[in-house]
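Per-chain numbering from 1; labels A, B, C, D and E assigned in written order.
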Amino acid sequence: SLTGCGKSATAKTKTKVVKVGLVGTTDKPIWEQVNKNLKKDHIQVKTVSFTDGILANQAQNNKELDLTAFQHYAFLHQEEKEKNYKFTVIGQSYLVPLNVFSKKIDSLKQIKNGDKIAIPNNVTNAGRALKVLESAGLIKTDPSKGNLPAIKDITENKHNLKIVQVDPAKIISLLPDFAAGITNSDFAEAAHLNPIKDAIYSLKPDINDSKNKPWINVIVARTSDKDNATYKKVVKAYHTKSVAKVIEKTHKGVYTPAFEY
Amino acid sequence: MDAFFSKLFPNVASNLDVFNAAIIQTLQMVVISGIISFLLSLTFGILIVVTKGGGILANKIVWNVLDKIINLFRSIPFIILIAALIPVTRIISGTAIGVKGTIFPLIIGITPFFTRQIESALNETDDGLIETGEVIGLTPWQLVWSVYLHESISSISRVTTITLVSLIGLTAIVGVVGGGGLGDFAIQYGYQQNQFDATIACIIVLLILVSIVQIIGTFISKKATH
Amino acid sequence: MDAFFSKLFPNVASNLDVFNAAIIQTLQMVVISGIISFLLSLTFGILIVVTKGGGILANKIVWNVLDKIINLFRSIPFIILIAALIPVTRIISGTAIGVKGTIFPLIIGITPFFTRQIESALNETDDGLIETGEVIGLTPWQLVWSVYLHESISSISRVTTITLVSLIGLTAIVGVVGGGGLGDFAIQYGYQQNQFDATIACIIVLLILVSIVQIIGTFISKKATH
Amino acid sequence: MASPELVKFQHVSKVFKTNKKKSHEVLKDVNLTIQKGKIFGIIGYSGAGKSTLIRCINGIEKATQGKVFFEDKEVNKLSKKALRQIRGQIGMIFQQFNLMPARTIAENVALPIKYSSLGKEKIREKVMEMLELVGLPEKADTYPSSLSGGQKQRVAIARALINNPKILLCDEATSALDPQTTQSILKLLKKLNERLGITLVLVTHEMQVVEDICDEIAVLNKGKIVEQGDVYSIFVNPQDQLTKRFINTTSKLNVSSSLLKTINLVRNQQLIKITYISDEAVVPLISIISIKFKIKANIIVGDIKMLRGKPLGGLVIVLDGEAEQIADTLKYLRGQKNVQVEVYQDGRFL
Amino acid sequence: MASPELVKFQHVSKVFKTNKKKSHEVLKDVNLTIQKGKIFGIIGYSGAGKSTLIRCINGIEKATQGKVFFEDKEVNKLSKKALRQIRGQIGMIFQQFNLMPARTIAENVALPIKYSSLGKEKIREKVMEMLELVGLPEKADTYPSSLSGGQKQRVAIARALINNPKILLCDEATSALDPQTTQSILKLLKKLNERLGITLVLVTHEMQVVEDICDEIAVLNKGKIVEQGDVYSIFVNPQDQLTKRFINTTSKLNVSSSLLKTINLVRNQQLIKITYISDEAVVPLISIISIKFKIKANIIVGDIKMLRGKPLGGLVIVLDGEAEQIADTLKYLRGQKNVQVEVYQDGRFL
């Protein structure tokens, strides 16, 4: 009660820090722009880079992070389901395509029986990659598994493809060992490929296509904080033209902003 | 010079603050967890040597428990260990992320290995010297201090060198909990973003670090050999 | 029994073939890279011991080159090393993925560490024995074989134990190139999919493996101590 | 004065297991009593079990059977703490020295009193005093690796003495030392024994050492004590074959065949050996026979010494004279009850 | 026959750096020649530099200055290969044995011929022969840790002998051995020397060993050779103080004051010492004086031995008789040029 009277006075001038968990460092320029937009609100975003989303979610659940911005709906839902997290999406960020690359073939039509295909070794991107193969007509997966089938959920594999899980960051390097590989665009970019032009198969990154919906990246808060005004301001600052520009610029048009501004 | 650096290491130059922070983080992780783990490993190493069959405080139960625990912890892949430890880490360090959150898992990760190394070093002590200590009437702890430890300074500094280098290696894995450090920098920028110069820069700094550890270790080891 | 197992380890039971394959893969990786690395490390360890100042074949250049290379490779975080080696691995093993693709990086990853351990073991040899070998008129290589190696069998098996356990730890990281193995299984199912039973199952098998290595190592070491 | 017993072995056996099947009985039913204040020697062949025996006294080797007492306390039954206390009173010099390589000479010597209540300066003072005693003060701050074999042994001696032990176990404590240093160390030990009443147990193969300072000895053969008693009676009148052989090595009277060849006896000359066999007063035998039988006695080998005031040893002599005189001389000598006569060679039959 | 030189030291110095500032000159301008087929002894105090000296012969210690030759080859200048070849011809027994702990006794002994062209069986045969020689055949398949000190030393001897070296360097090769074993080892060495012409270099502090088998000796004092020559002349007529002291330790003629006290001289009795100082034929002195001066000469201490066929030593005697006769006796003895007379005590003045 002693400090009660001074509270509002200091709160006004003091910058509020919001810790946002990221995976990797490629989004840093985006959040720098967000920070610029937030300056007038006395809010500062501090990003914490993880190499792994699982521990980032865990940290958020433990209130060591305020927000996270690295995962798509599919991963989020899987995590919520498995670990009983109470998270809420408070805004979308962008859609990253997951395309098929190869050093050996120009089109998936050239796939031969018994070829090896590399897919990411984390559950969600593996599931997504299988869905890509399905949409390319190479395999069929158990529909009951929804968006996230595993290799063992393949119900039909007419080319008898051997599907191997490896680190998505290294799939491009490992392409010579495979007929084709499916990996996240940022890794393709890092390997100096154009994730769209250099892909031998890609899905159109239409954010309004419901098939793409699970793969849209989102900004997540704990459900208990979903109405936090500060966080809303952060999302607002993200959903701006300036940020959209940065996203397009840093990712050379490969990432599609998934918000209105 | 600066221009030259930017040219050679463009990606490092553009993230120089992160890189510098990474160096500091690595140093913090290595020094803090190294010191604590050294003390723990010395304790456990001594315990396992004195309690083994025929040891000066032979004790089957203590020895077996220690031996099995060490093996257990050495059997757990480090990344899984970190994840499994998170709740405990939070209780102990107040947080499970950042440098602060890495110290505890690093200690738990390196101590079993370090203990085996210390055990190895202490076991080199000549039986005749232990016997002499006993004949002189030293108590077990005097014996540990004045014979086992004193006569093993050289070996201990040698195994500590090996262990510290391994510890530096472990810090590269703790990026998963946002610990940062040079290893993480190399993974984030070099490995995941294919920025070759970032990898090289990290390796150079790590190499310098490793070499310093090696030189100091060798120096102490030599000094202690008469 | 089967029902009991399925109850205790439901996720392992439902992926039993993968789990079994993982065990085989781990064994393959450990055994093959272990054996090759043992031979290499023995060679390098011997070289570094005999070429050091005052050694039986003292040679500053060779020693320095080896010492620096070992430090260099020990400075590179293993995951980065694997990535950097991919092109070389492909040339050497024909593929950079799968168990076949992990052997080479595992060897490169563990050998510098193993070499330091062997160096450590060989350095324990009493100077008086080396001198005796020289006085008897043994050639340097006879000296290496009949004195350094023969007298260090016990220490070598001790450090090999430590190293093999570390190698088992490294195999957990090679999941990045689809090497599989128990560590990868634990990460995929236990860590990523939160299947606690998968983690436990892996740790149990690894623990058994580590204990076997430890028991064999201790046994040989004891046998060789007279 | 019957000194009280300090160390006592009762039916002590020690078996080493060489491997699962074989074992080696190194001590066999050893009974032994060492009195307070005595200097007790233990001799025997290499491998006889001497080191094993004295290592039983402070319990670093445990008897397989039987009992070892130190001042009424059964060593094998003591608690670790009690054993440590006893060990504080027992100094020991190891056959292989066992110096701590990572400690300086001074630190090595100081080790037994490092944890005592003495201050640092006091300790240093005592250390230097000890090093002075063994003649190595200038090596105080060097390390064992730079010492010669004998110097190492002397450091071990200094270390064993620094905490004024009641009893000192010496396993070949002077075997690496030159005779001068040996003598000075023995003098020192003797002085400690006389002044402070320290009991000494000396394992040694140097009969000279036994002669010089031991009061009693035990002779060990393949783990068994074959003879035991005070030095003089054993030296004069050894019962066991082994003891005889040991004593013979100290004697020059065993004329080798090569020596015999160099002696050209002529005519009636006879080569004989006279040995003292009892401790009666010495008689001028040579003079007596010379005067009495007009014989010339040429001493080829002489080995007579006074041990604890009594004569020990004998002479090898060439007797020269008329055949009859020689015969008389021999008869006379044979009649003396404190000497024993042996004829090596007879000039007449050469 | 002047044997050709096998080992030669020319102005050899050896300095050990103890630390940056201090250094220790362990050998000082040593000149030494060891002839082929000789048994060469090196004696000196503990720390005198004896071990260092013989370690220079096979180059495991490098002379700081000067030259060491082995058969005309300068040891320090040899290539590693040439040095190895030479070492194959030099057997060495270390002061601290240096047995390989991880090898059985048989393997230890076999080591020097392990890489020779001999077959396994032949090697085993030779090994057993050697172990037989040193009396340890039953230990062939055990490990050094289960051996006693003396047994280890014997294994080291067997190992040094197995490849029939031209020269054997023995650093206190019998110091851990009981006199019996020592004698048998010395006999063996002597036999090897005589039969095969092996040159022996013995570092020893046991004067008995020197007496028993050495042809020549060098006396080392603080790194300097103070005396050098054939054993007899040095024993009879030592020049250097140190040599005298060494030789005195082997002699019983140094009558201690405590012994003097036990001898109660009466009347004219005199306690005198007679020492041989030249190697002329032995004369029956006691008989002569007894007959000539009607004096009784009671031998208290006798220490006469034949060294290489020549008498060495002396007697301590109580002369008993009329004052005049005693005076005549002394006069007579002093007139003999091959003995030296010393009067210890004169009964008249007591």
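What we mean here is this: a contact is a pair of C-beta atoms (placed from the backbone, for glycine too) under 8 Å apart; a residue touches a chain by one contact, two chains touch by 3 or more.
Note that the structure is a prediction, hence the values are computed from the model and not measured.
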Problem set entry | Chain labels contacting chain C and also chain E | none
Seminar exercise, completed: Per the C-alpha fit, the turn needed to bring chain D onto chain E (nearest 5 degrees) is 180
For this session: Over half of interface residue numbers shared between chain B and chain C means same, under half means different, so which is it?
Result: same
Problem set entry | Centre-to-centre distance between chain C and chain B (centres being mean Cα positions), rounded to whole Å | 18
For this session: State, to the nearest whole Å, the distance from the C-alpha centre of chain A to the C-alpha centre of chain D.
Result: 89
Exercise. When the centre of a chain is set as the mean of its C-alpha atoms, what distance in Å lies between chain B and chain D?
Worked result: 55
Exercise. Quick one: chain A and chain C, Cα centre-to-centre, how many Å?
Worked result: 37
Exercise. Which chain E residues sit where two or more other chains touch them?
Worked result: 96, 146
Seminar exercise, completed: Where chain A touches two or more other chains at once, the residues are 54, 169-170
Problem set entry | Multi-partner residues of chain B (at least 2 other chains) | 83, 187, 191
For this session: Can you identify all of the chain pairs that touch?
Result: A-B, A-C, B-C, B-D, C-E, D-E
Problem set entry | Complex interface listing, chain A residues touching chain C | 54, 82-83, 116, 118, 121-123, 152, 164-167, 169-170, 173-174, 176-178
Seminar exercise, completed: Counting only contacts in the complex, chain E reaches chain D at residues 16, 18, 24, 43-48, 50-51, 95-96, 142, 146-151, 153-154, 171-172, 175-183, 205-207, 245-246, 249-250, 252, 259, 262, 282-288, 290-291, 294-306, 309, 311, 313, 315, 318, 320
Seminar exercise, completed: Listed in rising order, the residues of chain D that touch chain B in the complex are 58, 60, 80, 84-85, 87-88, 90, 92, 94, 96, 98, 100-103, 111-112, 114-115, 143-145, 159
Problem set entry | Residue ranges of chain B touching chain D (in the complex, touch as defined) | 126, 128-129, 131-140, 142, 146-147, 150-151, 153-154, 224-226
Exercise. If you look only at chain B, which of its residues touch chain A in the complex?
Worked result: 15, 18, 82-83, 86, 90, 95-98, 175-178, 180, 184, 187-189, 191-195
